[in-house]
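Here the structure is laid out as structure tokens; the discussion comes afterwards.
As written, the chains take the letters A, B and C, and residue 1 is the first residue of each chain.
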Amino acid sequence: MRGSVGVAALVVLGLAVWGGALAPHDPSSTVAAPWLAPGGDHLLGTDAAGRDVWSRTLSGGRGIVLTSVLAAVAAGAAGTLGGLVAGWYGGWPDRLLSGTADLLLGVPLLLVALVLAVVLPAPAAVVAGAVCGGAPLTLRVVRDAVRRARRTGYVEAALGRGERTPVLLVREVLPGLAGVATADLGLRFVVALQLAAALGMLGLGAQPPAPDWGLMLRENLAGAALNPPALVAPAAALTVTALVAAAFARGTAERRTRLREPAP
Amino acid sequence: MNTPHTIPRPGALLLSAALLAVSACSGADPAAEPDAGGDTLRYAATGSPSTATHDPHGGVGNESDSLRFGLLYDVLAVPGDDGTTELRLAESVEPADEELVEWTITLRSDAVFSDGSPVRAADVLYSLRRIEDKAAENFGRLGMFDFAASEVVDDHTLTVVAHQPYAAAPRALEAVTFVVPEGTEDFSEPVPGSGPFLFAEGDAENAVLERNDDWWGPTPPLERVEISAVADPQARAQAVSSGQADVGSSVAPSSVAAAEEEGLQVVRRPAVTMYPFVMRLDTPPFDDPAVREAFRLAADRDQLVETVFLGYGQVGDDVIAPADPASPETEARERDVDRARELLADAGHGDGLEVVLHTTTSYPGMDTAATLYAEQLEEVGVDVEISMDPPDTYWTDVFAQEPFYTGFYGGIPFTDIATVALLSDAPTNETAWERPEWDAAFAEALSTADAQERDGILSELMLELRDEGGYVVWGTGDGIDLATDDVADLPDGPGFDKLFIDQVRLTG
Amino acid sequence: MRTAPRRSRWTRALTSVVRACALLAAVSVAVFAVSDLLPSDAVAVRAGAGATAEQLDAMRAAAGLDAPAHERYARWLAGLVTGDAGTSLVNDRPVAVLVGARLPATLTLAGAALLVAVPLTAVLAWAAGAAPPRARSWTAGAVAGLAAVPQPAFVAGLVALFSVAWGVLPPVSLVRAGGSPLDEPTLLVLPSLALAVPIAAYGAGLLGGALADARALPHVRDAELRGVPRWRIATRHVAPFLLAPALRVLAVSAGALVAATAVVETMFGYQGLGELLVSAIATRDVPVVQAVALLASAVVVAGTAAADAAAALTEPVTA
């Protein structure tokens, strides 16, 4: 059952990234009249500019999903590193890192990404926003886990034997964090996907006529009555991707250790 | 354990603040509010709310603003039917000399600003000078005049001086010459105007105007006009079909069918939008006339108009200003793939030719036009790479810079296009069209008093440009406005005509 | 649950206020710095292609854009303190007027959204944290799933159902010129649902955990064993432990809601501050971006600080 969530997550991500190869039409070109209803050559009809909605949906996830994966990895890595340092050493490094994390959590990450999108290209703004908003949460989780590990008898004993910190971290602490970190990565991915979708929808991400789920929502929202699938398809694609990632994170967390966003 | 007594709750504070604000804005008795129908017209116009402005003399990019200025301020003249000039604040605009350099403008004497002061020649000259001062923002809209040399004769007479003979002076003074009181410098709020409506409340992006009963002209049938700036064309259409607006201007052709089904009125304004492909004559391969001709022959104009404007437009034959009264009669330019291939082969491009066509998404369909034309060019053996450039920087980095790109004209007269983009010393000579004889003939036309004779010369100039210049004018798109069926007398002329809605009626 | 010696409570409350001020100062520098790095400034955007380099320089000088960065920051900050947020580079109107004109619309929308979000958060949090054990795994999963849906996709779903399929609510919500959004309350329904539901689900995810924690506390278990009535356990034993997290969740949700107005207002064409921010970003109107971003941050930071302070003062002590 849980394995199947992992498989589903892989399939969905794979489709999102490489689905463009299955597109029957050029996703960026006008191939027919605007707002055609589904049928015939166009499985989901066409959009405002007469582009094939099915092809655009298949191709529109690549940028957004790859950006989100990158953002999740960056946020997870930054948070894990910070959490290791803060949890292991305690004292002033802990206060500094945790304090910075608290400060960053004080500002909504969408606002951060929006302001950054003025100067950075959208993918960079998504990554930066996801790191600012996500790394602090990862940091808290990892920090607590490391502190618990450090207090266990065997780590204390190993320290007493004079073993070196990096060796201890890699051998004793990190394996215990793997589950937490994997589940956490899923959550970071979901947040990054939400950011990327918002920026795309606001017109700050991919530029027309490039296919992009966020941008498609913007392009097809007001005209949805003319061909509903043009709006529903990218929304469904985004939703399914986010749900699968969230379910994966949840499943991993339940299997290993109880994980959720730290209570505020 | 500690029992909480009084806790500050930020959410509760925010809520009560919101409710306070709400009750403050809805303080008016709902019964006193004018109703949606009747004498109030709600107009959803094109405009980005963030660029909304109260300054009528700068670069007015928003139709919602121009529309409001057209109701609040008097202009010297407006575009009349069939391309003639209809005088408004000006009673006459007559040449003061043989050369057509100096022009005498006589103003009507019964125009009064909303602060009670009369509209004088000094106010007009002040406003004209202010427009010229903002030339950088408004593309040198009145650049043909030398307002430093112009002067006030008496309260209701002034002379304006052109830099060189300018027979089209009355037309140049159409529409954009919004008159404000002399000395007005602060435009952060609406300033007194003498137009058919008065500013009642709201702000630049959401304005409420009320009828000016002291206006000199025919009493407007409407009592109130509400103008909202709405950026998205489909949102404007939806505003009308969901009953949030009576008129939605400049909607996409694709929304027309649904609107007609709902029983809405569709108003078409001809030749409003044009996305010509622009080729620079000083850059290879476009320095070769044969290549330019081949590129013109490669265009499938019917397909372009059908796809880009969904048929709501007219096929073009490379005449740059087809709606201009001086525009020449021409035969339709048919697609000829074989001839185009032959021309390219003769020009030494028999093995193929690679070009980059720039386009953007500033106006709906610009990107579609470029991608479709690229496909048509492929069929004559030209390999086209489409460069989709961000709209934010397109008009600074691509426009008038790149050798091959998708341009835009919004239905302006030929003389304006020539002044801005065709004369050798034009500020944005995008095609590098430099022909002294052509310039001379243009100057001659502008010093010709007889309108018919003048149009004859201009017509010849347009023909020369059509056959030898750097434009592929494949068609023009209609402006499409949606309205509920009780709105009558909406303007349906080309160009600036649409801005003057003071005689619109509601019949319901 | 952390222990809090009584005498440190006021210190902690004060700390959260000091931290808020520090954060706000940091945010103001960041907001200013970021807007300052813009690739092309508003003068170039406004002038278009026709302007010469000299004309552009003159326009920049007139707008005060040629001064060094620290001078402009100092001038900007001094202006903000005196209620003068500068002038829009795009249309020369005072930023304070632009923001003031949009504020009522956004406050109305945010208020309506909170009216929906607060009770909804409570219900969902109960479902995620206190539903009968057998159902809880499922309900908690559903709440987490709802919170995961990207907001624009959720808005699209609402429009597809309410506007397209059922035709009961319009897909655009224009604020009427000279009117209030409350003149036609139906126009507020979709935008406020679009704001409230994702945020309620997110808040409920956070609160549900705290609720489960509170129910697992030894004295609650003990009370259950002693047969204390459920309502009494809920009010006397669990609620006090939930107050602090609930306040913080409320602050976090309100903050997320403020940021989310950018998405929701833009999608519905609702002319509020969020939509102003987005269009100002597109036109590179630096003073407007700065003012709106800072105002939103200030609201969020103040809310969080207030919640922190209140939580510090009310958090029960467990030995």
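In this text, a contact is a pair of C-beta atoms (placed from the backbone, for glycine too) under 8 Å apart; a residue touches a chain by one contact, two chains touch by 3 or more.
Nothing here was measured: the structure is a model prediction, and the numbers come from that model.
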| item | value |
| --- | --- |
| Graph class of chain-chain contacts, one of line, ring, star, complete, other | complete |
| Chain whose Cα centroid lies at the greatest distance from that of subunit C | B |
| Whole-Å gap between the CA centroids of subunit A and subunit B | 44 |
| Whole-Å separation of chain centres (CA-atom averages), subunit B against subunit C | 39 |
| Rounded Å distance, subunit A centre to subunit C centre (Cα mean) | 21 |
| Touching two or more other chains - residue numbers and ranges from subunit A | 221-222, 225 |
| Residue list for subunit B, restricted to those that touch at least two other chains | 232, 235, 238 |
| Subunit C: positions in contact with at least two other chains | 39, 171-172, 251, 269, 282, 284, 304 |
| Complex interface listing, subunit B residues touching subunit C | 1-4, 7-11, 13-15, 17-19, 21-22, 24-26, 30, 33, 42, 44, 48-55, 58-59, 135-137, 139-140, 187-188, 200-208, 226-228, 230-232, 235, 238-239, 242-245, 392-393, 395-396, 399-400, 420, 427-428 |
| Residue numbers on subunit A that touch subunit B, as the complex places them | 28-30, 33-35, 48-50, 207-210, 221-223, 225-226 |
| Interface residues, subunit C side, partner subunit A - complex | 19-20, 22-23, 26-27, 30-31, 34-35, 37-39, 141, 144-145, 147-157, 159-160, 163-165, 171-172, 205-206, 209-210, 213, 245, 248-249, 251-252, 255-256, 258-260, 262-263, 266-267, 269, 277-278, 281-282, 284, 289, 293, 296-297, 300-301, 304 |
| Complex interface listing, subunit C residues touching subunit B | 39-40, 44-52, 55-56, 59, 87-88, 90-94, 97-98, 101, 103-104, 107-108, 110-112, 114-115, 118, 170-184, 187, 240, 243, 247, 250-251, 253-254, 269, 271, 275-276, 279-280, 282-285, 288, 299, 302-304, 306-307, 309-310, 313-314, 316-317 |
| Subunit B - residues contacting subunit A, complex | 232, 234-235, 237-238, 252-255, 258, 307, 310, 361, 364-365, 367-368, 371-372, 375, 388, 390-391 |
